[in-house]
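Input: structures, listed below.
Both complexes shown next keep subunit A, but they swap its partner, so subunit B is in the first and subunit C is in the second.
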Partner chain A sequence: MNEILNRIAQCVEFGKINKTSPYPPNMKDQDGADELAKRALEEGVKPDEILENALIPAMANVGNKFSKKEIYVPQMLMSAKAMNSAMAHLKPFFQSGETKRKGKFIIGTVSGDLHDIGKNLVAMMIEGGGWEVIDLGVDVGAEKFLKALDEHPDAIVGLSALLTTTMENMKKIVMAVKEKFSASKILIGGAPVTREYCDKIGADFYSPDPQGAVNYLKQLAS
Partner chain B sequence: MITKTLNIEFKDLKLSSSGIETVLGYKEGDDRNLVTSLIEETLAEFKEISNIKAQFTVFNDVQFDDDTKSVEINKIKFQIKKIVFGQVKKSDSLAIFLCTAGEEIGIRSRKAMEERDFLKGYVYDVVGSEIVEAAADLMQADLEKSMLDSGKKITNRYSPGYCGWDVAEQHKLFQLIPDNYCNIHLTHSALMDPVKSVSGIIGIGKNVRYNPYTCGLCDMKECNFRKVRIRTT
Partner chain C sequence: MKTILRGKTNDVIIDTNGPVIIIGECINPTRRKKLISTLQEGNFDYVLELAESQIKAGADVLDVNIGFPGVDDVKLLPETVLAIIGSFDIPLCLDSPNPKAIEAALKVAGGKCLINSVNGEEKSLKVLLSIAKEYEAAIIGLTMDDDGITHDPEKRLAIAEKILERAVKAGIKEEDVIIDPLAMAVSADSKACVVTLETIRLIHQKLGLNITMGASNISFGLPGRDDLNSVFMSLAILNGLTCPIANPEKITAAVRASDLVLGKDDFAVRFVEYFQNRK
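Entry: the complex of A and B
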């Protein structure tokens, strides 16, 4: 059982999606995360084990390598796609409640800003960390975040911005969220954002990279 | 007031796979196996679907106010803030420009992301941005050339949303240009549609200087852009 979990983890870490995907070249013609996750379930491996012992540690390795600048965004995206191909087989178990997610995470790029690469990377890594992600997209104002929180009041909120001007909109959203949902945790990120700015606007956490966000959520869930 | 529409073709942009790999962060000696062919395919695809448009209009009725760090163009006041003001304040006239790579690129990038083909969506997005920035470079070079005859120089280009200039002022910018200029429209929150578009101002005059974008222009000392720049230079 450990062997198939190790192989799934390896496929996710190195971005091997399925048998036909040519990347990475040294895994050509081998089964990918897609086939292996399906086989693992058929062999009786519990979906929880696939999530906890293969997908989450593999994505954590990817996140750590990215934080250390050992891999670039494209490799991370391939890993995210491999993770998704495995996750697709787990979806029915999430829906039936047999497998539980760690919690819910609402994310969006703040109003006036349409840069979504950073936001997408964080969303992928957090999904790979076992969370349900509610992605509100780009150019998202306070109202939309509040509406999402009305529907998912226990969710943690993530705000992203790339522009020095639009990061000011984070402050308005943090104020609106804290006013209505004072217990909600808010994490912020994006190239111009800093820990000092996070403290200044009353957000709860700042992460310079996606893995930092995953680690923070892990802390909150434990 | 002079308006000029430029006819820019995809081949004029001189985009290459290796240049885009550098934008993605790849350095010499890195394994680029994953991205090179995808970028080449994307460039070939976008050559067919991009719809590049670039225009600028030169306004001579400009008034600078040092106290408020603002400028009035044709009686419309822009709070361009300290950084941009410092770069354009010696201008005799200002050009307002718009460039777009067309709407299809943004549509395809979004579609790839929705289909969870993340790498393709990312490469589409980056290549789209490179197309519109390269087109804006050509537009800027054309403006510079056309000003040389009268002994005038130009500044770098500055856009709402950057250097402290509020992105909402884009609405004012669009008041000064004819409807459907480059077929670009603004959303309520002042974002441009098509998404792969750029807009802004360029200073023109005998006493202006072209300064490259550097963190030294900005007063955000703790910004990560600056920290990364310091680490890598």
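Entry: the complex of A and C
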């Protein structure tokens, strides 16, 4: 049983999506995360175990390698795709409540800003950390965040901004969220964002990379 | 097609048939904490340092972006412009999402500036075209509109056509419209650069306008960024890019080499001069 979990983890870490995907070349014609996750469930492996012992540790390795610049954005995207192909088989168990995720995370790029790469990477890594991610997309204003929080009041919120001119909108959103949901935690990130700015606008956490965000959430959940 | 920009007295001609003009991107607070802290103190020494080093490295025009949280850009953008034109005779590209700041800067700038940027959104067209007309500035038209960003080169071309049409209707000369085809990170989408290159080709072919782009971010999230940027720059120039916004310290060599290869540098004068001066 451990062997199949290890193989799923390998596929996720190195971006082997399914049998037909040509990458990485040394895993050509082998089963990918898709087939292996399906088979693991058929063989009676619990969905929790797939999540906890294959997907989450594999994505943590990916995040750590990215932080250390051992891998780059395209590799991370391949890993996320492989993770998603395995995760798809777990969705029914999430929906039935048989498998619980660690919590909910609402993310969006703030109003006026259309950059989505950083936001997407963080969303993928957090999903790979075992969280349910509600991705509001780009150009998201305070109202939309509040509406999402109305539906998921216990969610943690993530804000992304890539421009010095749009990061100011983070402040407005943080104020609006904290006013209505004073207990909610907000983390922020993006090229121009700094820890000082995070403190200044009253957000709870700043991370320079996706794995930092995953680790922060992990700490909140424990 | 020739777009003429002007500093105090110095004309810079962006010519669709001429050598590439470099718009220096470095007066921009992203990842430059020192720029923010010095500007907050009303100290323009660092801005002038950035201006000088970029001009030395080959910048023909300087982009001026002083956007950071809490800034009063209606006050600071014109102050920064005055500081730069007090020391350098070079055309400026005024880079702000706030039309009021752009207008305040145009009031003091003199010469002939470039506005960075107008896009296809109604709101943007309405406000900025009349400002550009009033101060006789040239504009950069970003190929995105109320529907956001499209990945279809034909649609980006259509937005460029719309901006051009609206600008001409507002009394702006055709040659004073420069189009930005949008350059996005190739790490997240392997077709991103091809879409940009195709958009450049279409705009060059169908509209014949000058073309700019923010050319440093296509390599985001990848190793070998300078090499990647240089190659993309050369291909974009081949397709019709005429005035990239980039870091001259990193891109001038590729630009001069492209001009030479494409037959726009007789006797390799500019190419040789660049490398001689760099020694």
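By our rule, the second predicted complex is superposed on the first by the 222 of 222 C-alpha atoms of A that agree within 3 Å, B and C clash if a C-alpha of one lies under 4 Å from a C-alpha of the other, contacts with A are read in each partner's own complex, and residues count from 1 in each chain.
One rule holds in what follows: a contact is a pair of C-beta atoms (placed from the backbone, for glycine too) under 8 Å apart; a residue touches a chain by one contact, two chains touch by 3 or more.
Model, not experiment: these values are computed from the prediction.
In this overlay on subunit A, subunit B clashes with subunit C.
Shared-chain residue A:72: touches subunit B and subunit C both. In the superposed pair of complexes, A:25 makes contact with subunit B only, with no contact to subunit C. When both complexes are overlaid on chain A, the residue A:171 reaches subunit C alone and has no touch with subunit B. Of the two partner chains, subunit B is the only one touched by A:124; subunit C is not. In the superposition on chain A, A:80 contacts subunit B only, with no contact to subunit C. Residue contacts after overlaying the shared chain place A:208 against subunit B, while subunit C stays out of touching range. In the superposed model, A:197 lies in contact with both subunit B and subunit C. Residue overlap on subunit A between its contacts with subunit B in one complex and with subunit C in the other: 72-74, 77, 112, 114, 117, 120, 139, 163-165, 191-192, 194, 197.
Per the touch definition, subunit A reaches subunit C in the complex via residues 69, 72-74, 77, 112, 114, 117, 120, 138-139, 163-165, 167-168, 171, 191-192, 194, 197. Residues 28-31, 33, 65, 67-70, 96-98, 144, 148-149, 185, 187-188, 190, 220-223 of subunit C are the ones touching subunit A in the complex.
On the side of subunit A, the complex with subunit B involves touching residues 15, 23-25, 72-75, 77-78, 80-81, 84, 111-114, 116-117, 120, 124, 139, 141, 163-166, 191-194, 196-197, 208.
The part of subunit B that touches subunit A in the complex is made up of residues 24-26, 30, 33-35, 113, 116-119, 122-123, 125, 160-168, 187, 189-191, 195, 218, 220, 222-225, 228.
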